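Look for subunit A in each of the two complexes below; its partner is subunit B in the first and subunit C in the second.
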Partner chain A sequence: MRLSTRKLLDKSFTFCAVMAVVVLTAFLIFVLAPIFVRGCGAYVFRGTVEYRRMMLDQFGRGDEVALAREIALAQTARQPVYSAVTAFEAELKQMPAARRREMRPLFKVVREGLELLLGPEPGKPLPTLPRMLYGQTRWDGARRHLKHVLYEVQWDYSDDDDGVRVLAPRKPFFAGTALEPIFDLLENDLDRMLNPRLTFYGRFLTDKSVDAHFFGGIGPEVMGTIYLALTAMLIAVPLGVVAAIYFQEYAEGGAVMTFLRSCVNTLAGVPSIVFGLFGLAFFINTIKVSQGKSVLAGALTLALLVLPTVIRASEEAIAAVPRAYKEGALALGAGQWRTVLTIILPAALPGILTGVVISMGRAAGETAPIIFTAAVSVGKLSRPLKMLFRDTPALSWNLYNICTEHEAVDRIRHVQYGMALTLVVLVLALNLVAILIRARVSKRLKG
Partner chain B sequence: MDAELNLVDNEAHVRAEEFSVFYGEHEAVRRINMSIPAKQVSAIIGPSGCGKSTFLRAINRMNDLIPGCHARGRLIFDRRNIYGNDIDVAVLRGCIGMVFQKPNPFPKSIYDNVAYGPRLHGSYRKSDLDMIVEESLTKAALWDEVKDRLNKNALGLSGGQAQRLCLARALAVKPEILLMDEPTSALDPKATARIEELIVELRGSYTIAIVTHNMQQATRVSDVTAFFYEGDLVEFGKTDQLFTRPVEKRTEDYITGRFG
Partner chain C sequence: MKRTVEKITLTAREKFVRQVFSTLGRAILFSVTSVAALAVLAIIFFIARDALPFFKNEGMREFFFNKSWYPTREPAQFGAMAIFTGSLLVTFFAVITAVPPGVFAAFCMSDILAFRVRQVLKPVIEMLAAIPSVTYGFFALVVLAPLLQNHGGMALAVAWWVLATPIMLVASLVMAELICGLRYKERAGFAVRAALTLIFAALSAVLLLRVGSKLSGLEVASGVNALNASIILAAMALPTIVSVSEDALQACGRELREGSYALGATRAETLIKVILPASASGIFSAVLLGVMRALGETMVVLMASGNAAQVPSPIYNLLQPVRTLTATIASEMGEADQMTGSSHYHVLFAMGLCLLIFSFLCNLAGEWIVNRQRRKLRGA
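Coming up: the complex of A and B.
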């Protein structure tokens, strides 16, 4: 091959490698940036007076006196709107029957929209569901919702079969009536009616959710995830490390060993949903570790799932311990167990820990295995030991749940992104801890 | 095989009788008869692959680690066959210490390295352990260099220091016999000289068997020398005799550098 050709080849390989890294980085940013930005919205946002009212009612937080003053101010700003509504109601009664029939559904939509935006109308009986008790607690939600009040979605089929979505202002429908001024009032005066203020809601991480995530935080999910991952590791690590020691230090070759090893490897390739079904069939239905779904059953299933990873990482770490250490210990008269415990395991510890924490991240993020064995959509916290035999919400599964099966998926986008961000950060933090431990341990080992 | 040494004044500490070691089918050490005299230094020389290391590692049964390795014949230590069924290998290795080719300190503190053996074989009080550690390190001529950093990791030592630490570690178990498998081949000349000095100092207190590639080293440190060639013990005798007036032609060829 000519020198110039070879150089060209070298250069193109370098180029490919650099491009691969660039694409990877771009992809990572592309995926993580929206999760990060929108996820932060669950923690930092402009909270309205409705948010503070909800906080005081549901969590007992906030200054009662200041809030009462704030509510009074907001009420003053809202008064013209409610007066207009009352006036229009009276006007409606005077209308000819045909026009009344035409106006009533339009009015109903506006009125319901107002309730969602500002909360229940004063003087009316309070609804029972907490979600109906408050208006928009977040300013971004309020802005979005305002559009629904001001405009009606229509479809324009004039020049296309598919139709085009157009927003038609509602104001002209009510032209000349007492309701007409509220549209301008709402558009111009909404911030006085809701009084948005920059809010930092750090306790989103630990608060319980109010009325299926309409308000409140994701505390039970976070705790559930931590319980599940920790319990799974408590089960998987001792088993996995002991198995790895056996494979590396005790087992002699042979058909049985080869078979066992390939079993472990096959286990690593089994789809996680199969683990979930197995967990239900075996841990819950057959050996009945709990009455129904429970943290224990879920953790056992997760432990099975991560066991091959733990075994393989530990085996690699043990195999990487220099033979000379083992020989040195044996030559001093140490038995095999003693050698393993005092020499091989300490030297292999950084590698084992890395495998353990990576597995822990995996256990925290897995969804399918806990669908049938542990996860429920609503749960509450209790003491760890009691928790073990109870079902629990968990970040991964509940993220899926509130994204697909929630009755108002659109209204809780911030919770979905907040949950996703929390899960990602949790796993990243775990990995960071692993890196730190590993660095410290290997520093101790290397002197 | 005329190599059986006249041991009138030297009691044999380890005696091989028709002793063979096999790797699977291959006979790496072939029907050896020799005695390692007590409290003296025995050197084992020979070209690569001649079975000298295999023989040395048979004495404390380190060959057990190699799959398919087995022995035949008798290797007598303390009136018992080392390969007999009644031998507790851990106890045996406590009596027969070993220093390896490459220094292999554990990734622990210097103190824990030396204390590792004693801790295995009995429970000592802290003060006793301290004493053993100091004594062993002093014997290995390392105490002055490390006494201020006993809690530092042993992997921070230089090659020569590490090898002396391994020697101290072996001595801390209070063995009767020390096996050395080319202990200086990974060291520079200065470190080598220190180890050789130590061997000479330890002579008289311990029975030492040293495998070496370096014939000058054998002449410097040993009392008796065995020459192995292709699994056979070719010649065994007093060191000065073997190197000046070898009986066997093959010995002469080897020590004069005609092969090996």
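Coming up: the complex of A and C.
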């Protein structure tokens, strides 16, 4: 082959390799960017007066007097809308029957839309479900909802078989009636009616959810995840570290050791859902650690899942301790026990810690093993010891749950994104901690 | 001043006590280690214990060769063939999409990028491997599925153009060069080469446009389908594949590379002809890890694959929803749980057993390959 051809091939190879990295990075940004950007929307958003009302009612937060003034202002802004609705109701009664039949369903849609946008009309009996007590608590939700009130979605089939989505304004349907002005009022004056203000809702992380995540935060889920991960690590770390010490310091080859090692390797490859099945069949149905699902059963299952990782990381850390340390200790007359406990373990501790922190991230993020062993969609918090024998919500499982089985999936998108962001940040932060520990250790070893 | 004299020698009795304690300690350590290691045997035992009643009662033939999965109907039908097909299909396409970019990215990270960049990139990739699968599933369901459903054809066409255009351009340059090399041994005229490049570029442009227009005309009935699941599984498996193959490429050492460069090989030649064969076992285990990750993954397929127990027709039609073993277990165990002992309960364990056996086989294959390579290296 000619030299120029070889050079060109070399350059195209380099190009392909760099492109692979670029595509990989681009795709991962494509995946993570929406989660990060929209996830922040659960914490920082423009909260409306309805949000502040909800906060005062449900959590007792906020300044009552200032809020009362604000509500009064908003009420004044809304008054023309409500009077128009009342006027139209009266008008409806005067209409000929045919026209009334035609108008009534249209009016009903507008009215329901208004209720969702601004909350229940003043003077009406209050609904019982909290989700119906308040209007749109978030400004972005209000803008989106306003569109539903102002426009009707229609499909235009005139020049295409598939149809084109068009937004038809509702206003012309009500032309000449008392209701006509409210469309312009809503479009122009919505910010006075709802008074949006930039809000930082940091307690999203710790608040309980109100009415199945319509309002409030993800506190029980966060706590459940932390309980599960911590309990799992409490079980897995002693087992894993002891096994690693045995493999590294005591075992002398042989068929038994080879067998045990390949057992650990196999354990690392077992699919996570199979761990879930095992947890159900063994911890719950056979030895009955609890009545049904519980944190303990889930943590035991997760502990098994992360055990190989803990063993491997600890083994590596122990193997990385310089031989001279051990030989020095033995030469000074320390027994094997004392060498392991006072010399090798302290020296290997940062490495072990790295593995433990990474495993904890894994335990916190896993979903499949806890589906049958620990997770429920709604749960309360109680004292840690009591929690051990009760089922619990957890970030990972509840993220799945509220974006597939929730009754109003579209209305609580911000909670879903917030939950996804919290989970990702939790796991990445744990990994970051592990990386930092590792960096410090390698610096110290270099001297 | 009173001086205490420390005894150095031990009496026989003390020696004996120490011996006993040491042996006892060892025994305790050994038993704890065995518990940790033998947990996998317990898993196999308990999964098999609950799976065997199904095979005993219903037989194997229906399970493996029947396509109708109606576990709650009377009489129940437990034909899992469609589910097996779904699992294999999704895994196959995920691995096919993930391996080439994964290996190329590993090449790039180990031999092309500067050391400093690599030191930053490597932990980042390891962190990406740690992102919980349910977040990927969430992305698949909330972002990718609506995108595919509403602008499916267009999205696919754009992706095809973005990915294929640079590759086609490079390919036409290379083709022109190769043909020039065949025809004119000494030096190719600039005009000839330019003309050939243009011709190939035109051909590839036609191909790009044809395939693109075909893709953009596609109708995607539902955003949750095998394609969506495959893409996300590939994205999930990529960090693992890149990280493990990069380790394998690094493990080859400098000597092989320097020897090859000293003989006048270019970087591409060194990597493909020398380093790739030398690290084949490591890359193979990376691919195996990717397969295991994709096959054993639950949440992504549960959320992205559409969960319809059917064999797509034709089989390579990725735009149809499928259902996998893991997703079936995850979504149906809740209902079956109440009737512990029913066939539905046991059939899910049978599926778990199949997954377990498969991962076991993958492990064995991986260990066999690594051992063989080790023996080969020792022999050479």
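Definition applied: the second predicted complex is superposed on the first by the 400 of 447 C-alpha atoms of A that agree within 3 Å, B and C clash if a C-alpha of one lies under 4 Å from a C-alpha of the other, contacts with A are read in each partner's own complex, and residues count from 1 in each chain.
Going forward, a contact is a pair of C-beta atoms (placed from the backbone, for glycine too) under 8 Å apart; a residue touches a chain by one contact, two chains touch by 3 or more.
None of these values were measured; they are calculated from a predicted model.
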Which superposed partner A:Gly335 touches (first subunit B, second subunit C, both, neither): both
Subunit A residues touched - subunit C or subunit B, whichever exceeds: C
Partner chain in contact with A:Glu252 - subunit B first, subunit C second, else both or neither: first
Partner chain(s) touched by A:Ala347 [first = subunit B, second = subunit C, both, neither]: first
Touched partner set for A:Met387, first subunit B, second subunit C, both or neither: neither
Partner chain(s) touched by A:Ile412 [first = subunit B, second = subunit C, both, neither]: neither
Partner chain in contact with A:Ala324 - subunit B first, subunit C second, else both or neither: first
Subunit B versus subunit C as contact partner of A:Ala313, first or second or both or neither: neither
Residues of subunit A at both interfaces, subunit B in one complex, subunit C in the other: 335
Subunit A residues within the subunit C interface of the complex: 1-2, 4-10, 12-21, 23-24, 27-28, 31-32, 34-35, 238-240, 242-243, 245-247, 250, 260-267, 269-278, 280-282, 285-286, 304, 307, 311, 335-337, 358, 361-362, 364-368, 371-372, 396-397, 399-400, 403-404, 413, 416-417, 420, 423-424, 427-428, 431-432, 435
Subunit C residues within the subunit A interface of the complex: 18, 22, 25-26, 29-30, 32-43, 46-47, 49-50, 100-102, 104-105, 107-109, 112-113, 121, 123, 126-128, 130-139, 141-143, 163, 166-167, 170-171, 173-174, 177-178, 181, 235, 238, 242, 266-269, 271-272, 292, 295-299, 302-303, 326, 329-330, 333-334, 337, 340, 348-349, 352, 355-356, 359-360, 362-363, 367
Residues of subunit B defined as touching subunit A within the complex: 60, 62, 65, 67, 90-94, 97-98, 100, 102, 104-108, 116-117, 120-121, 152-156, 166, 169-170, 173
Contact footprint of subunit B on subunit A as seen in their complex: 252, 322, 324-325, 327-335, 338, 342-343, 346-347, 444-447
